[in-house]
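The same chain A turns up in both complexes below, where it pairs with chain B and then with chain C.
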Partner chain A sequence: MDDEMSEYYFTASMDSGKTLCSLLKAIQFQEFAVFCALAEGLKLTVEEGKCVQASAYVPADNFTEYHVRSDVDVMFKINISVLAECLNIFGSGEESSLKMYYRCEGSPLILVLQPQSVHNVMTDCEISTQTADSVLELRDEDTSEVAKLVLKAPAFLGLLADLERSCDIMELKLSPEHPNISIITYGMQDRSCIDMPKSSEMVQSFNCTHAVTLKYQLHHIRLIMKALAVSTKVVVRCSSNGLLLLQLKLEKEDQRQMFSEFYIVPLLDD
Partner chain B sequence: MKFRAVMIDAGPMREFTNIVSTISKLSKECVARIADDQLYFIVSDENSGPAPPILWCEIPHAMFFSEYQMVGLDDDHKDIYLEFTSTNLARSLITLKNAKSLKMKLTKKQCPCLTLEIEVPSSTSQQTRQVTHDIPVKVIPRKLWSDFQEPKIPKPDISIQLPTLKQLRTTIDRMRTMAAEVMLWASAEGRLTLQIKTDTSKVSTRFKDLRVEAFEGPIEHSDSETETQANEDKSNICYCRVDAKKFSMFLSADQISHNRTVCSIVHKRLVVLCLQTEENVKLQCFITGIVY
Partner chain C sequence: MKCHVPGPNVKVLGRTVHALARFGDELYVESLADCVLLRTLNAAESAYAVVKFSKNFFSYFNYNYYSTEDNEGLKCKISMKSALHTFKSPTHMDKQVENLEIKLDPESCKLIFQLRCKHGIVKTHFVSILDCKAMQAVYTKDLVPNRITSPHKILSEALSNFQSSDDQVTVEVSSQNMLLRNYIDTLADLSKVIRTQVTLKPAEFDGYTIGADTMITFTLKEFKALLAFAEALSLPIQIHFETTGRPVVFIVHNGSTFEAHFVLATSKADNASQITTQNTTHNERTKRKDVSSSNHSARKKPNLNTDISKCLEEDSHLFNFIHIPEEHPVAVSTDGNVGNNNPQIENNMDCDVILPSPTAKALIRRVFKRCFEQTIDLTNIQGTVLAEDSDPDT
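On to the complex of A and B.
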């Protein structure tokens, strides 16, 4: 059996697929994701246009068994909503064990799920895979980080939910001077501004070397809301070219960690 | 025509409410057939005009009603058929929660009505309140009775016990988001498989160790559509493709406390889901197979 398994490009199993499912739902704003199994862990990436890139990252230690062949690249495109539905096939109230198999390039990803409380049932899913499109490399080693803040996720989520939905653009002002953080939205006839000093309860840490003003599509910023809802804190990093990086750790019962990450490209001044 | 029935026990009242509420989720219109031994609820397919019923529910009156009197149309036609909007009855029965008694009768007000008189205890005094609901009904003329007869179905190829309805419903509801049709496979060895296929995925949920109540095999498979597990005999398996939404709707019957649910399959053509309760209520759903 072991010999047979090692021929597979990728196999993995975990005791409960529930947290993986909620992680996937947090980045599920596109139908397709690039599924990439690295030796260190599993990474799923979705992109919106060339402007937003979201990844879910599951370090290998979350799996009870995790095996990737070292001589091949395990990377393919997969329907992420089907994947999430399959993981949830026994309902969100049920913890079910999960096994994943991927034989070789072009073969489907196979999932086998078995609920922990009932023993006479199992589900197997074959999800077809496609050749992956290239993933944007947004990280630029040459740029420096101009600001890093750590915010409480539920409060930040509340703040984003309060922003006027009809606005297209959100302006973010970060500065070492008071008020350290300003979020400004421009509507048809109004301008609204939320100021947040670094002493605010929502701000856990604040680092900013010099003042920056950046504009983002509000719609892009809103894509992180699902991820915020399942996290406790969010790290916001802003680099000198305006690229915004948000890193979130998934709220989990055990010690192992799962992450999601969002890169958001700024709007250029016109 | 006369009809008058009284219910005084909490258990049956709760069951009755659950049954009616399940039916109201399945269909807007419902027909009640009042016979001298049983009360029937019948639902026909709304889209396809006069067609055999898709839901058939029998309630033996002796277990539910402490008093049950009826006089039918005439000596030769002893039943009464009433058509009504099922949510009207379901909503009225909400009052039945912790009621002391329910009196049901056929009355003539501005139009024929099924009148419910519900006696509700007061939380502050010994006296009770009486709540009356008049539900407009249409008396179905005798010439149309034949539309509401119990469907005659071919002998099923297999009858197999169903897993818990709640579990089944969760799974079907997930599958429904991916595909409109679900394939049901049942084998004489007690396995039941639900399967969907789409361009991007194939999902199969397999239940095993289910009790097989009847098997009329062997099944003849003339096509290559049947796929089997290794060392499984094809002739022991039958299947039917059905509308996932219809199947899921029947599963909402899990709120009725039941002691037996059975799925019968006529190979490729029909699925009959049957639920029975301790009080001998029988609820059957007929889902015709989709054949390409």
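On to the complex of A and C.
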């Protein structure tokens, strides 16, 4: 078995491709994603204008089988909507088991899907791949984390959905004093402010040692809304250089983690 | 001004703002000693709405919280967009919002809406004040011959038969029945338009008093908005009107805490093109009649003739254009002419009066009108020649 597998760079199988598909849709704001199979798990990354980096991460323990050749980098570019469509090839109501094969650099990604309710039916999909560009390394190991909070995703989504669409800039204020979390948007003439104390029901944990004020493009923040809709909770981390990291835990029946993460670059003061 | 709106009433306020947003782009807020008035006027000045919230609507009410020396309340104009943003989703509002505080910040000239929501979240909207004027319209809702009180469902169900492209509706009333039909542009290709007509019997309504048979035409967009408002709050609608050219007033109130008046300008319906509709698409709605007559006794509103407290003084001439069509000799002639829909345009250009919503002019027919006449009255022609032919021999 092992000998046969080793001719492939990467193979994996899974009982249901459904959750993977919804995770892909959560980050589907660009056409192409960088598909990266690491020993720890599978990661698909999309970027928007070097300002936002979104990844869907599936740890290896979510797969029933998972092999990556340790001597090569398994990394290629793939059309994310085609991949999501293939995973959903029997329709959204159908659970289907999934096998993935990737032979070597330049070869297509092969998906074998088998619906669970119908026997002796299977689909073979070949998705052509491209050589990957480099992925931005936004995380800076030297900077410290200034705030970390855990919020309930549905309530946070409701809050973001209520923000004025015409606003460009969102200001996030975190402070150890009341009100602990403030979100301020500036419109044409008006200003709106949402205050949330850490005692609020939607805040599950709050860690902030000193007050910070950061500005982001509201458009960038909005990109996480699709992912929020399928998540249960969101971990927000703020580093001292203003980089915002949001980790969204996917809603799942079993205990194994699957999540999407978003790095958002702040706006600088002028 | 400073006032607190309790949770359930925030939804009512939200619905009001959404209804007013269909009328105009600016919202006038005025606080008096015992009430708050919200008003709006559309750009063409053919539709106006005022909603009065009495003191009881609020859990706390102080009309001049900051200004102590004079007894003036707040008077201001804000953008409707800002107001809409404050009340983004009125359907969920009563579940999320516990309390709303509205106050004026005298230093920064902002009107502050502070929503206290569930989960301890506080949303504050600082809305810029565009102007410090109040605006009023003058119209009569009392002393009009025609008054109809309708359950909110009847009219919206009747309107659901109309095409989405229809923009005006003609209402023809007599003591026997009420006809609703879509207004058809005289320039439109009659072979392509769909004509819709709905007949409603007086028994469908809670109150039906027609003093003078008449026919009025007004815009559907605002009519639908006010029907949606009445429907959201499950309140009946009172319609007060006189005749064409005079505004029609729709009143929605709950008897105690708020009262809304929606005023629409009416224009003269075009007889020639409309009359033929009567037999072609007669859309008798007998099916629904049984349903409504059975339940209409249950929610009968007795207050048709009671005067509602006057909340508008008469100090402006808005909506006072009101020239009854008979005063204009141009307008009426017997041969089914079509070009006289807008008879008031000439003498209304000068002051602050407003025109009824415009109707189409069949220009070609007006210019070549004489070709369609069976006989030519020479005296009439000679009477109208203002410039002689320069060369009479040719």
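Quick notes
Everything below uses one rule, namely that the second predicted complex is superposed on the first by the 266 of 270 C-alpha atoms of A that agree within 3 Å, B and C clash if a C-alpha of one lies under 4 Å from a C-alpha of the other, contacts with A are read in each partner's own complex, and residues count from 1 in each chain.
The rule is short, and it goes like this: a residue touches a chain if its C-beta (ideal position, glycine included) is under 8 Å from a C-beta of that chain, and two chains touch if they have at least 3 such contacts.
For clarity, every value in this text was computed on a predicted model and none was experimentally measured.
In the three-chain model built by superposing on chain A, chain B and chain C fit together without any clash. Once the two complexes are laid over each other on the shared chain, residue contacts for A:133 go to neither chain B nor chain C. Of the two partner chains placed by superposition, only chain B is touched by A:86; chain C is not.
With both structures placed on the common chain, the touch criterion links A:122 to chain B but leaves chain C unconnected.
In the superposition on chain A, contact of A:73 is made with neither chain B nor chain C. In the superposed model, chain B and chain C sit 60 degrees apart as seen from the Cα centre of chain A, a figure rounded to the nearest 10.
In the superposition on chain A, A:65 contacts neither chain B nor chain C. Per the superposed model, the minimal spacing between any CA atom of chain B and any CA atom of chain C is 6 Å. Touched by chain B in one complex and by chain C in the other is not one residue of chain A. Of all the residues in chain A, the ones that touch chain B in their complex are 79, 82, 85-86, 88-91, 94, 108, 118, 120-128. Put simply, chain C touches chain A in their complex at residues 79, 82, 85, 88-89, 118-128. Of all the residues in chain A, the ones that touch chain C in their complex are 155, 159, 162, 164, 179, 187, 189-197, 199-202.
Chain B makes touch with chain A in their complex at residues 163, 167, 170-171, 174-175, 177-178, 198-210.
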